[in-house]
Each structure stands twice: as C-alpha cells, then as structure tokens.
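Once you scroll down, you'll see the structures, which are given as structure tokens.
Heads up, the next two complexes both have chain A, just with different partners, chain B and then chain C.
Up next is the complex of A and B:
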C-alpha cells in the first residue's frame, strides 16, 4: 500500500514539474500560435536568475521566484516586440527564429556566467523529507506541487475571470472581430507572450534546487514541454493539466517497473501513436491560424 | 557559393601535381613521414576543448598541461631543447577532435599530443595516431578494454579504482549493492568489474540500472532505493545527473550513514555544484584528491593557484594531465636528439617513473597504462574530500581485468592466453 502511495506521489511530483514547465508554453502556443523553441532557454534563464540573485545579493529562493518571473517575463515581452510580432502567421519562420534565439541565449549564458554547473541552495526548511501518510516524501517536492497548483489557479482566473482574459479569449477566437470591438490585439499578444515566458522563469527557479543548473539544461525541458502540450491539445488548459498528469504517472510507473531509459522510449512511442490517430491532442479547442 | 574560375582550377591542378611530385619519394624512404623533432625545439600538441559542453573540465587539463611544459622549459628543457606547445581547441566535438589531431600530427609534425577527456573524443582521434604512427597521451580515468600502440594511458582503469574500494564498502556497509549509472559504455564496463568483485566477496546486486545521459528526474530510481534497501549505492552517473541525483536523494530523506553512494565519477567539481550538504557522507574512489597531503601535491596546487587564481581547483583528471607531461619529458630525455620520434618516445616511456602529486607513478611496459595509487575519499561540507583509505602500494593497471584470457601487449594486440 505504501509502495503504491509512494509511486503515485512520485508520479505526481514528476507531473507537477512537467506541468510547471509546459504551462507557459501551452499558453503561448495556444493563444499566440507561436511554436516557441526558446522555451527551454527561458526555463534556463529562470534558474540562472536565481543563481545570480542568490550568489550576488544573497537573496533566498522565495523572492528569487518572484523576481525570476518578472525578469524572464520582461525578456519575453522584449522578444515579442522585437522578433515574434514580425513573424505572426509564418509558423516555419517563428520556429527558426525562436530556435536561433535559444542558441543565442544559451551561448550568452555560457560566455557570461560560464559553462560550469551552478549551485543553487535548497531552502533549509524544505531540504529534508516529511512523514506523510506513513511514507517519507520530499518537502521540496510537496512545495513544488503546491506552487504548481497555485500557478494553475492563477492562470485559470486570469484567462476565465478577468477582462484581460476575456479579451484574450476573444482574440483567440477571431482577431479581426476582436479588433473591431476595440481590443488592442498587439498588446494582448505581447502580454500573453510575456506571461508565458514569466511562467517558464518560475519553472526554472523552482527546478534549480532539485536538479542542476547549466547553460544547456533547457534542451531537455523543451522536449518534455512540447510532449505535454501536443498530447494535451493546444490551447486547452485542462488538456495540459491532464496530459502532464498522464505523462508524469506513466513515466514514473514505467521507470519503476523497468528503468528510465525504457520508460522514456515507451512514452515517446505512445505520444507518436497518439498524434498519429489524434493529431489535435486529447482535448482540442480552436487554434489561431494566420 | 564558391565559383569555379578557370584560373582557380588551373592553380588547383598545378598544386596537386606539385604535391604529387614532391610527395611521391616519401613512399620509398622508410619512416620519412614520421614526425620528428627538429632544431632546438620539440613540438608537442595540446588538444583539450576550450569551448563547448566539456570546456570547464578540459580547460583545467589544458592549464595543467601548459604549466607542466613551462616547468620543464624553466628547468632547461629536454636535453637543452625547449618544448613548444601547439594548442588547438577541438570544441567538445569528436569530429573536430579528429580534424585538429590531423593538423597536429600531419601539419605541425608534433612528436606527441596530450589530449582528450571523453572516450568518444579519444576513439575519434585514434585512427589518425595509428595511421601516422604518432603518440597520444590520455589523462582521464576510463573504462579500459582498449589497447593501442599509439596511446599512453595515465588515468585509472576499473581494476585500479575498484580493487580496494568494493571490499572496503562491503566490509563497512554490507553486501547488498545497487548499481546506478549513466547509459553508456563507461558505467557498464565499471559495473562488470564491480559484479565480479562482489561475486568473489559473496555480495549481491539488488538492482542495476542505467539512466539516459543528462537525466535529471530520479524519483523512480529513489523509489527503488527505498524498496530494495541496498547497503551501498554504487554510482557511475556522470555530469549534471550527479548533482540532481544527490540533491533528490537527500530531499527524499535517505541517509548516507545507512545507504551511502559510492562513486567513481563524483569529483570536487560536482560536489561544488551540488553543495557540500548534499555530498556530505558519500564516497568516491580515485587516485587523486585535491586534499591529498604530499609535498608534490602542495607544490602542484600552489603552482596552479598562483598561475590561474586562488579559486582554481585541481581534480583527478588534471593531476594526470600534469604528470604525464613530465613522464613524456623524462622519456624524451633518454633519446638522442636525432632519434626523437613517437615510436622511440613510446619505448622510452615504458618503465618511466615520476613522483606525481598522488605518489610515485610508473608507465607499464606491457600495456602502456600507468601504475597508480587509489584512494577513498569522503565528501565534506567544504566541497573537498577527506581521504580515509589509501592503497599501501601502487596498483598495476589491467585494462582487461574483467576479461580473462585477454591481455594487452606492447604490440597493441589482445591475445588469448594459452
């Protein structure tokens, strides 16, 4: 019984990290319609922001999370203004541009911060395990789980319960009509892109104490994030949540039964088969085209 | 786009013809293509990545190598001739390694090249050194099971790192081992050796698992640690994965006093990146630790820090990168100036001894690997290792330890023993 609980928690923990890193991508991909290959690098920048603030200003992880959101969000906004908005409707060009941006960001970090692995402190209060329902679970992983749930709730409220969210949904449904009603679509896109980038920044900040911080850490995350978004169906918040849960539990369970290498291969295979028969993903709504 | 102009083509053809004319006679004069030191200088290649993914560690190898060359030159060189390093940056890319090696061997005619950190890059340059009868000096600990006439190996092979380590672990912690490694050749070969040693000691492997390179999600692995309850986690995980594994291990509430991780790959570098609190109480086996106390090591660390800054660190790869240059110089000093070629240097290197920071080392005259001094270190809060055991004698290198009936001979072949 404790085995099963342990395993479910471990899968849930994997799922929360997956959701965390794919939430920003899902929002950008789903609303702005841009396939942002630099998403992994936004995650990486979030982690480096924490390292920098901790190392140079002695800040703890919690203020760093907030600052990472604004720092990477601002960068996202600048990127949208300078690059992305010139490329709307040109899917292949945005793929190329964001990929190039990712390479540039990675090299910029390598040249400025150095290529070595960086140390980020785990908050002392969260570095141990807590006894919970008969098993030991990592306090930090519980914290990540809780914070992911909060971010999800905030994002839900933002999209479905605010004026900004209403305009955003209007723009997604039909940008021309939205514009006719006086919605500033260009501003909506910029803010959405910035928000998505900011979420990636938070994701990077949160994984940095648990994993490792290096210039090429984003490469793995962007693959995971795309897998979640593709399976969940673009522009569906519910789909992203469900998909992160399924993929997290599945990779955790398979890794437990066999090993991580096999688990990764089987999950990839599953995703390929799924998109062959359901290219729109599990929960598909409309996508902005053009 | 390059365009063919008539003039360009004519030039090219003339060039080819010239090369043929002047190139031909070399076929007839035996060994004339061999790199040979000329004049008052001895050219050696230095082939470590200064950019790309393994740049950090390889930069430390480059620095240790150049420092050794400076020391040798400051002491009057090799029989009065200066060593001239030709530095190339292979950018952490095996194909670039091959290209730069070709340049050093054919273009610069270096009589030896010091280089490589990864096995992949060594394998990439090997055909060039074999084809042109040159000599490559490789400082990294590696998986063994290689026997080339054109390489001098100064890093540890599995039998050296594990001979004392595994029995020590069994004695102090118990017989149940969980083997965890990154998914490539090095961890698999190391684990082969570990399994043989365990079998002799009556130990048991309760799990063996390989994670993808760069893997950072260890919750399932840690779950299995909790269920199988091994006495020792034998780790050959490499790179950033080491950091993630140690952090998640502690966060999950596991205790190094009951279930320590015993690693062959965790150096001061990884400990610094994960933070001392996550490394505390885990063990590493290697011939060299920065904290080792010997007059030679004190001198080595001081020299590195005065040259490259007081935060510069030494590690179990940079130390061989340093002492192998001194071994090269000793070998070269034995030879007459006119006879300084890679094959003669190789023969002269056999049996050479040098008082390295880790202790007195010797190049084996059979397999061209090196006698080393394995030590067991326990990671400390400050990022250094406390040395708690060290071998009483140097340990003979046996790159085919796990493969009975196969030996490495000076001819570079693997023969079946009768």
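Up next is the complex of A and C:
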C-alpha cells in the first residue's frame, strides 16, 4: 500500500513540474497560436534569476519566485513586440524564430554566467521530509504541488473571471469581431505572451533547487511540455491539467517497471499514436481549423 | 507564389553545374588534408540540408526528425565497418569490443548481415526510407498536417535517440560505434583524410542535386508543390495527396540516410549525437538560411553556416560569440528573408527577365498607340 502511495506521489510530483512548465506554453499556444520553442529557455532564465539573486543579494527563494515572474514576463513582452508579432499567421516560422531566440538566450547566459553547473539552496524550512499517510514525502515537493495548484487557480480566475480574461477569450474566438468591439488585440497578445513567459520563469525558479542549473537545461523541458500541451488539447486549461497528470503518473509508473529512458520512450510513442488519431488532443471540444 | 521560378530553367542548370565544378576542382587548391576533411564534412551537411529541402521546401512537410534518417544511415555504415576492424580490438569471432565489455556472448541477429558491404550500403538508404514510408503512411493517411507532423517527427526522434542510448549492449550506447575500419571498395580506401572520400562526397552531392532538380521539375514535383500551397485543392482534383507526401518524405529520408553513411566515412565513428534533436534543428536552420524552397540554396546554406562555424572553432571565444550572432542572423532571415539567402540571387536580372521587361514596354507602347488612335 505504501509502495503504491509512494508511486502515486512521485508521479504527482513529476506531473506538477510538467504542469508548471506547460501551463505557460499552453496559454501562449492556445491564445496567441505561437509555438514557442524558446519556452525552455524562459524556464532556464527563471532558474538563473534565482541563482543570481541568491548568490549576489542573498535573497531567499520566495522573493526570487516573484522577481523571476516579472523579469521573465517583461522579457516575454519585449520578445513579442520585437519578433513574434511579425509572425502571426506563419506558425511554422514561429518555430524557427523562437528556436533562434532560444539559441541566443542560451548562449547569452553561457557567456555571462558561465557554462558550469550552478546550484540553488533549498529553503531551510522545506528541506526536510514530511511524514504523510504512512510515507515520507519531501516537503519541498509538496510545496511545489501546492504552488502549482495556486497558480492554476490564479490563471483560471484571470481567464474566466476578469475583464482581461473576457477580452482574451473574445480574441481567441474571433479576433476580428473582438477588434470591432474595441478590444486592442495586439495588446492582448503581448500581455498573454508576457504572462506565459512569466509562468515559465516561476517554473524555472521552482525547479532550480531540485535540479542543477545550466544554460542548456531548458532543451529537455520544452519537448516534454509540448507533449503535455498537445495531448491535453490546445486551448483547454483543464486538458492541460489532466494531460500533465496522465503523463506524469504514466512516466512515474513505467519508470518504476523498467527505467526512466524506456518510460519516456514509451510515453512519447503513446503521444505520437494519440496525435495520429486525435490531433486536437484528448480534451478539446471544438477545433478551429486554418 | 513561393515556388515561382523567376529564372528560366537553363539559368538554374548553369548555377547547379557551376557549383558542382567548384566543389570538384576545390581539392586541387588544397594541400592540407585536415582542411579537406573539414570541407568534406560541410558538403555532407549540404547533402542532408538539400534532402530536407525536398520534403520541407517542396512538399511543405517540416520534418523535425531529419536526424533520424541521417543517424540511421550513419549507424548502418558504422556497423559494417565495425565488423571489419582489425582483430585486436574485437572480441572472439569478430565480436565488436563494446559487446565484449557488455558481456554479450554472440553477435546479435541484426548485426549478422552487416558483414556484407552491399547489404550495409543498401540498408543505409533503405532503413530510413522504409521508416519514412511507415511514418508517412501512418501520419498522412489520417490527414495530419502542419505543426502536428513536426511534433510527431520530433517525438519519434527523441524516442529513437533514447532507445539507441539505452540499448548499450546492442548499439554501443552513449559512446556510439568507434574504432572503425576504413571503407575499402573498388580498390579505393575511403579513410577520413583521403582525397577519394572527398571526391565520393562531392560527386554524391552533385548527383543528388541534379537528381533532386529532375524530381522537383517533374509532374510529381509540381504536384508536391501544389500540395504545399493548397492541400485541399489538390485533393479535390482527385490526386492522392497522402501518397505524394509520403513519397517526398521517403525521398528525403533516402538522401539523408545516404548522407549519414558518408558522414561516418568522414568522421570515422557513429554517435547517438548524430540522431539527436540539436542536429535535426541545425539541418532546419541551414535549409532556412540558404533557402528552403531551393535545393542548391539549402545545400549552400549548410556549407556557409557550418563553414563559418568551423573556421571560428580554432578561437573558442570567437565561436561563442558566433553562436550568438548565428541565432540573431537566423531570426532576421526568418523575419525578413523567408525564402532564404538564395532569394537574393533571384533578384539579379537575367536575360529572361530583361526580355519580359522589353515585352511589357512594347505592350505599354502599343496600348498608348491604341489610345492615340
């Protein structure tokens, strides 16, 4: 029993990190329609922001998370203004341009902060294990799980309960009609991109104490996050949550049965088959074509 | 619009022929074998970028898994050469060294036929082609298009890369296949620094360019371009869109597999990094910078980009900055030159366009004449 619970928790832990990373990507892809291959680098920048602030100013993790959100979010806004807005309607070209952006960001960090691995301290209050339902679980991972839930709730409220969210949904449904009603679509796109980037920054900040921080840490994340978004279905917040849960638990379970590599290979194969039969994802109700 | 040929076909042929002549006479001016080896590598990259251009530039399939074909070709060649390494480095009964270290007792069944060069060379082309055939049929029959094709090919690349690294006992794992014998064929030895290897690669690239040109200018090639521009319209005309898309993917995979085999010859090893995501994305970059809808443009894009990169690799600090510039350059090309550097060549006026201008002028003159009358 404890074995199963342990397994479920480790799957949940993988899922929460996956969800954190893919949430920003899902919002950007779902609303702006841009495949942001630099998303992994946004995550990486969030992690470096924490390392830098901790190392140079002695800040703790919590203020760093907030600062990482605004720093990476601002960068996202600038990127949207300079590059992305010129590429609306050219989806495949956004893949290329954002990949180039990723190369630049990665290299800029390598040149400024160095290529060596960096380590971030876990907050002292959360480094212990918590005894929970008969098993020991890492307090930090519980914290990540809780914060993911909070961010999800905030995002939900933002999209479904605010004026901004209403405009955003309008733009997604029909940009032209939204414009007719006086919605500044270009501003909505920029803010959405910035918010998605900011979420990536938070994700980076949160994973930094768990993994070593390096310039190329983002590359792996972006592929994983994509699989989550595609499986969940574009434009479906709930779908992204469910798919992160499914992929996380599946990876955890398969890794327990074989090893991490084979687990990942099997999950990806599953995703390929799924896209073949349901390109719109598992949870999308309606697909817009063209 | 994108596929419009501004220049007449003879101008294109002259350009392609000139490129072939240049790469064939280049060794006459190079005495440094090391430099020749580097050049040969760039030409291989040119070949694989050209292969991508067939599927991406002409059929609109952005295959982010191009490195799968490239890497599989490379492994097929490396397996044959591994089985021929001098006995000291191999185990009992010609068992490759890494298998001995991994406690493998006998040669796995799929290694067995690689004792024959003929089989290995055929496999280097056919294995990627058959895989592309399976993927193409699987994906295109369901009318999956655009971004989803890219994601599927990317995911498959990751899967194959993971499996190759994980099955260390059979594939050499993370280290790949090293300590290879040089290829000996028709009395020639193709070791990495030999002139023979360079010429083999240069001739292959030249032949592939002309072959590719013949295909894209054939009726099949025209339908491929029509599918790229408007898939549904081609379908309404009664063409089997999926078959043409699969064909483009297969042709591209075959050429990329061949390039992979050549790459093993110049590098003298095969590694899982050959079939990894960074290689795949680099191929896309080369093709985009050179001009995705031009075979020669893609090839030259690869040669220019890797050439500049290679010449800077002696000064590491410079190389680091170059990567930065490279990223920026790439974004600029995507934003402002979506048809790549080769589209600059299209702007050079030639006899054909001059005649067209003259015709337009006469047309205008006759019109004004009518008005006057």
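We adopt the following convention: the second predicted complex is superposed on the first by the 284 of 290 C-alpha atoms of A that agree within 3 Å, B and C clash if a C-alpha of one lies under 4 Å from a C-alpha of the other, contacts with A are read in each partner's own complex, and residues count from 1 in each chain.
Going forward, a contact is a pair of C-beta atoms (placed from the backbone, for glycine too) under 8 Å apart; a residue touches a chain by one contact, two chains touch by 3 or more.
As the structure is a computational prediction, the values presented were derived from the model and not from experiment.
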First, second, both or neither for A:141, with chain B first and chain C second: first
A:177 touches, of chain B and chain C: first, second, both or neither? neither
Touching partner for A:209 - first (chain B), second (chain C), both, neither: first
First, second, both or neither for A:279, with chain B first and chain C second: second
First, second, both or neither for A:150, with chain B first and chain C second: neither
Partner chain in contact with A:3 - chain B first, chain C second, else both or neither: first
Chain B versus chain C as contact partner of A:17, first or second or both or neither: first
Chain B versus chain C as contact partner of A:129, first or second or both or neither: first
First, second, both or neither for A:264, with chain B first and chain C second: both
Footprint overlap on chain A, comparing chain B with chain C: 219, 259, 261, 264
Residue numbers on chain B that touch chain A, as the complex places them: 52-53, 55-56, 183, 209-212, 214-217, 219-224, 226-227, 240-241, 243-244, 247-248, 250-253, 269-270, 272-275, 277
Touch list for chain C against partner chain A, complex: 62, 138-139, 142, 144, 146-148, 150-152, 154-156, 158-159, 162-163, 165-166, 277-278, 281, 284-285, 288, 320-321, 323-324, 326-328, 330-331, 334-335, 338
Contact footprint of chain C on chain A as seen in their complex: 35, 83, 86-87, 90-93, 95-97, 99-104, 107-108, 110-111, 219, 223, 226-227, 230, 259, 261-262, 264-265, 268-269, 271-272, 275-277, 279
Complex contacts: residues of chain A adjacent to chain B: 3, 6-7, 10-11, 13-14, 17, 114-119, 121-122, 126-129, 136-141, 207, 209-214, 216-217, 219-220, 251-252, 255-256, 259-261, 263-264
